[in-house]
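My structure is below; once you've seen it, I'll send some questions.
Letters A, B, C and D mark the chains in the order given here, with residues in each chain numbered from 1 onward.
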């Protein structure tokens, strides 16, 4: 089934049906850190989405649900395309091993990750993107930061739901000081 | 919420309710390879469950669903205890990074993993167990094999659903020839 | 120091000097599996070098020593360029975490890996290459195999020093059946 | 060859001989974070060594060289035993995949890691210890910190050579906020 068909299938599920599943099982997500790399594979830029959330500007990773019957790599591609546009040319990692797994609970404090809507378990990947990125849908903008800028506590305060922790964990996995 | 309470909550979900979730979203699993290790951390034994499935003996990894509101490490403990008994003393890995992620589809051939009941996504971990293991529930027996025995093609043919592939991937991650 | 300068510095070390180091400490290597990937990140081709070794054709991974004062990612680039040519456009992994570490001993059987010249410890990475590859130096040819072809036991018999084991471990890490 | 014999062999190498190797090739190290874990595998304590370095108290990870002809897991055991004593009962990870690789250069600033004596490349592992730890040799003391305490910037300032970065990277790999 192509990502397009999956999008349609998802549209067929009513809000109510999704909510029913959310009440019964953990929901599978992918959390994605889009990065720019140079010729030596060094990360030179980290892409964060800017969104307007409850009248306040927040930053976040690319993130989204894995659909029924959807391959993980198709979910990764679909969410990057949805948020960065169709010309982003993401280089999906060839291995399924995530650099970490984030457990989001509706109750804050159970883990560093929090999602008021649901219990979600998210596989986290770093994805180099080689093309032109244009923020889509409800994202106001996409900001590219250097790895050094991405450690700024003021900036990290703009990330909700524990995405500041996940960003630091990604930087750590990349070998950067944090 | 303790594993016990979660077990109860799960019991409250009717078969019908689980089936409804299975029709809508991928179901999150853990696949676990129980191992014996020596003082140097070398794996000396690999535990496989023997079950009677459709009148034929099959071997399989410890495997099971992550429940709503359950931490991954609690799911790992619960399933090991369920299959190996309460005295197995599993050493749950301190890091959430799985060695691989297995995608099970109801249609055979989409991936090496197959589950006729559902689309399941499983985080795979190797878990040393230090205590006494006693097979529980519907498991006939628990067989400890050396890493060399675990590569035997005849034995691997007894593993269904792609568990033979997952076992080889675990051996590869452990540094053994496969 | 640039890879070019490092090459020169290395040239200054006589064979005797390298042999002296080999007698005292483990020598650090990188083992590299060049792969072709499609737009979804699926590995479609695996590059193996064909060499003439002692009058017999052998296959091997790209492999080589990390030089004094050389960064790991520069060693990865240098060895890929040396064997695949300057137009291979390798995508060096952004994270330093290798998928495995191979320990080569001069005595066969200590580990699955064997190097008659030395005790070497090798960090293993999978590296997508996007450009044109042209075998260089003493390599006869570069053969691209599908992941399925790469599992052929007859072909694996052409890999010396445990590179057959390392190739299978890489396939396992990529999620392929092995 | 047993760790004991290796220790002897190492003793045979004069300071001059080691220095000669240091001038020619990167030296292979292991960096080890000893941890206490509870029954669910949650890290509850992180062990840092206190040393007197140049008249000032510093904290550091367990760290040391891999010897000629020594297996990685034997080097891990030897260094933990050397610093934590013979009753520490370390649980050496069954897989050789390190959580990161740290590159130490004699010139500060090339990477976050710095070693004035040499170019060293270090495989980093988290190692649960189950027994009694007693600091040995030139270590003044071993301090057990909670993961929260280990994030204290004042404490992190006591770690030299980039061990503060490595400690944070280990916490990130364990899933803790950093």
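In this section, contacts are C-beta pairs under 8 Å (C-beta built on N, C-alpha and C of every residue); 3 or more make two chains touch, one makes a residue touch a chain.
Note that the structure is a prediction, hence the values are computed from the model and not measured.
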{"item": "Between B-D and B-C, the pair with more C-beta contacts", "value": "B-D"}
{"item": "Distance from chain D to chain C - Cα centre to Cα centre, in angstrom", "value": "28"}
{"item": "Distance from chain D to chain B - Cα centre to Cα centre, in angstrom", "value": "33"}
{"item": "Junction residues of chain D, two or more chains touched", "value": "95-97, 99-101, 111, 173, 175"}
{"item": "Pairwise touch network: line, ring, star, complete, or other", "value": "complete"}
{"item": "Chain A contact footprint on chain C (complex, rising order)", "value": "35, 37, 39-43, 73-74, 76-77, 91-97, 99, 126, 128, 173-175"}
{"item": "Contact footprint of chain B on chain C as seen in their complex", "value": "100-101, 111-112, 162, 165, 168-169, 171-173, 175-178"}
{"item": "Chain A - residues contacting chain B, complex", "value": "13, 17-18, 20-21, 23-28, 65-72, 95-101, 103, 105, 110-111, 119, 121, 123"}
